[in-house]
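Okay, so chain A shows up in both of these, paired with chain B first and chain C after.
Moving on to the complex of A and B:
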């Protein structure tokens, strides 16, 4: 290797960009691309801009579309209709169990507290729910927008009861939704898009009515603001 | 306007800059790191409500209380139940890996009918109706031919409601052949019956004793209720434990003193210790003088003077002589005997390893005599006969003439007949009884439940041959094991954690504790509770067989049968029989003399020899000559291996040492001294030959085993469709021949002569 190092060291520093003479690696110096046929600076700039703009478009617009797989919920569900029927708001179906744990998305047994084989309304989606799930005693495979991975311990009780936070402050306003939005699943990590947030840059705190991002940094930022500390590892990773 | 290399370089720079200012690399990096933390093949339970179910483990007869943690409908963890009276929170590795059995690949998922040759494992799924109809037709056919006695049942237990239901079915149907699988219980029960006239199992009050003298019982290896024993000897406790065993087992390692007596001489050693205690007058005079018979010489009905225990041990078992036989020095024998006799509360226990195989009655009696000398019978810290609590209420039943005639036929295994009048079950004699029969097999139909005889019996090839002569085998096993593979119809029972059943009092526990196993999960497959299967089957016969089973299903039956104790059981999960407090000596014994009998006079055998703690001495009684087979092979047990009917769980296969199993190779333990004699070193491949068979194994040098003795573990070498255990290691049962106890007929083989050949 030392035979190559010597001639390379002889190259003047200002010719390395490619227009000066370059070593062919054997010790001979060959001519650079400096003739009258060389492209103009504008052309070089144009290509730079094309590359820059193209990759920005890919990174900001095409990439999110490719990254997330869109899935529809198995049953079309209207929170508006249900909120009219229940007495206790969100808590009617998304309730705390006796042991203080949070039930999350209701299971079929909770649906059966009100629903029976007879449809209660006229929406064909309800009939579909009865035929496909209720009468077959089959759980609805809901796609959960805000599911954290199993390594995360999250207590709804601490936030909802302890800190008196409302559901929508994190999950966004579901109560007024007539349908459930399309579930977007990250093809690599398998997470719901709600965890990262809809801003692909990961910046900002989400749309005013939408869900708040729920990555670890988002937890820490809110905790820092509200409690003065980001919290310790083992508070969530038990 | 020329496009040249500079333009492309510039384009590349633009792409690089643009990409860096887009979220693409950063987001991809983040997602990739998340992906590495959430491997899709790492099992994670579905989210759901966390709940806990308290129940009783039924993976072995130990009956430990367990708490099953569930997420949603799935059980995710088993823990010991801290307020359960048997195990107080401790459980064994098999118990806490029990979910691997429940959700494992060996489950039988529906009724099946064999379609390939026996043992091929080729089965066809059939409906419950078809399966039950097939069984009923076959059994009805036997009844029509007046052959109901040719139905036999091999069962893991004879206690608890399900066992009684099967026995009741056999009674109504007309068969006397309910055969319990072998265990150390056989010898214990017989010894209790002979010396105390009591039906029951042996209970040891270890909780209140100061001194445990164990003649080989694997107190740490899973003996009795493993959870209980782990509490008692697993941690530092204020008890002196002396372990007598030819091998440094976990029990021996934990003991205060380990005596490596030659295998098979434990009974002799007990008599030698008896000699010391008698000679020095260290025995309990109150008990011996007032409540025992046969200590002094006595006269039989014909007026002949018979030697008592005292003369026997004084004349024949002097420590110097016993030292020659056992290899334990006379000084050691004397010192341990004095320590035992001098302890405030002491108890002696016989047995081998986990006690899942039978052992010799003579040895059991010799050790029991030490307890009698100590006078600890029915005393705190001693032993007692634990009668099965009378908690079941049964309606009367009538049987028809066919059944009555069938019931009067002699048992096929010969138990309770002229040759073996006091023995209740002799499963070890069943293969020979079938193989030696001329013409048709005396067993025309066989039920197998909670047993895996084709794995657990010595000489499984003879058992297989016998099974091949049985035209119809029905197996109720929940998992595909060696015996299920050999069966014709599989009627899978609900498994562990899937069903309600009463759990009989665990072996060794001094007060009867009946447990209630409750379902922790819904049955996973198309299985059916054995109790329900039997009730349905009985009802299909009509007539007296049907009327003997007036219950709609097992659930109703259980509540009605357990009448008085049901509410306790249901509420607490267990029921302790308070009435079973040990009786004072005056009322304790049901023998002819109403005393503890060193020599069970009324039960003397027809040849006049009778039962006597005259132990078969040393290895000489084992099959095979010393010239061809210079070594002795013994099995050993480990709490990390299940040696009973179930194969070890995948978890257990992972926690066994690489001195036991390396890949698929079983390792035979051998003392370095002996190994040198055979020119063997660590890891050498050898053929282990015994009169019963041969096996390729590797050598593991172990200073903790006696020279001249080699050992293989129980519980390996399964041959069933379970990738975690199939073909791993050696089934030691296949290398050992039965040694029949001439008096009880039970198998008392504790080992076999063997040799090693280098390959």
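Moving on to the complex of A and C:
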């Protein structure tokens, strides 16, 4: 027992004496007590940052790519060309009916007011429109960026006539666009990304050069600012 | 929110129903079903399962011939103003989801089906049984789907619904007014489906605050009363009758204490 106890006691004694090799050992030991602890802390932080960045990339970039199905409009349409031809700006095709309802995207009959079986320009897209739709009397299945869910009532008359708002203040500057942008449809809900997907928790101001976000909170925020009240539920719901 | 709206010209849409004219034909109920996409069951004999926004009740004086008399009482949502007219309708006060609220512009109590989660507190709170619950998803006969009203959303299983005074018609009238650059919606432009359908014109609809509307004078008629007035729910649906027994059955204690037996 005593012979075993002596070397055990000798180790701390050597440590205290501070002889070369032992002090190296203590240096390593003390380094081991603080050094690996600090570096593992940095590692945790590093992995946390990598993980966070990865999650954000997945959440903000990869997931929306998966969630939204990209669809192109059936006809390549240039607002610029048409704005040169018409007299009354947006109203020429996107007009109010006499009963106060809004025509929205024009139907084929409105196109036929100007277009005939003979192309007016040289754009191949026009020829395609004539061949595929006009001559067959078939409505163009436009994809509507701002279509709201069926529980929503939206009055263009109240905003355009009542509040004197311009089209582009909500829809973006379409009048100067030469093409129509890609329509993004939520694969789960079927709604357009323009009304739902660009503003999360009130963050984000909508697509670049695109329309204003059209979620319920966006409507309520503007109503509160402009009219002093979010309005009753029935103002926007049906 | 409330303050701001109250400074504007406040409309209070309401109804005056002449019970002495009502024959109980039920045309108002049919019109309501069709206008508002109210679902129905294949077997509508079990009335506890029925959904209706407007129900015609039948009351009787329980006397034997020749003194027997009956009265039909069409009951839409009463669109209660609440005590002192602050919009604290019984249903609005209890809704935990803010799925129903009081519109200070028109005085109409709204119901948002997509927000409602079906706890049915509002049904328990409503003293008029004006609210009904969707126990099933609506099933429409194939051809009928085409005739659904696009201005009113179709409700789903698990939500409460109620009469909206055909609010979509108000919205449509307002749109027309905006386009014609008017600020006022005329009396004839906004009428509920039931008021239009009534063959004997027992239902009069309009703005109770507007002296040009017929309801404004009708509500002051000496024969006018409201249902369960003692509860101070302050409904905007008035009834007219010359028959005292009807008024007694409608529990009109407060304002007509002079009713003679």
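The rule we apply is simple: the second predicted complex is superposed on the first by the 187 of 238 C-alpha atoms of A that agree within 3 Å, B and C clash if a C-alpha of one lies under 4 Å from a C-alpha of the other, contacts with A are read in each partner's own complex, and residues count from 1 in each chain.
The criterion applied here is as follows: a residue touches a chain if its C-beta (ideal position, glycine included) is under 8 Å from a C-beta of that chain, and two chains touch if they have at least 3 such contacts.
Quantities reported herein were computed from a predicted structural model and do not represent experimental measurements.
Annotation for the three-chain superposition on chain A: chain B and chain C clash. By the touch criterion stated above, A:167 is placed in contact with neither chain B nor chain C. If you count the residues of chain A touched by chain B and by chain C, you find the higher number for B.
Contacts of A:221 after superposition on the shared chain: neither chain B nor chain C is touched. Once the two complexes are laid over each other on the shared chain, residue contacts for A:99 go to chain B and to chain C alike. By the touch criterion defined above, A:55 reaches chain B but does not reach chain C. Touch criterion met: A:147 reaches chain B, while chain C stays clear of it.
Contacts of A:233 after superposition on the shared chain: chain C is touched, whereas chain B is not.
Once the two complexes are laid over each other on the shared chain, residue contacts for A:128 go to neither chain B nor chain C. Once both structures are laid onto chain A, the chain B stretch out of 527-535, 635-643, 653-661 or 689-697 that overlaps chain C is 653-661. Chain A uses residues 99, 101, 149-151 to touch chain B in one structure and chain C in the other.
Residues of chain B that touch chain A in their complex: 1-19, 21-24, 26-28, 30-32, 34-35, 37-38, 40, 44, 47-50. Listing the residues of chain A that touch chain B in their complex gives 18, 33, 37-40, 43-56, 58-60, 63-64, 67, 97, 99, 101, 103-104, 107, 147, 149-151, 186, 188-191, 196, 200-202. Across the complex, chain C meets chain A through its residues 1, 4-5, 99-106, 108, 110-115, 151-154, 164, 167-168, 171-172, 174-181. Those residues of chain A whose C-beta lies close enough to touch chain C in the complex are 96, 98-101, 149-151, 153, 155-158, 161-162, 227-235, 237-238.
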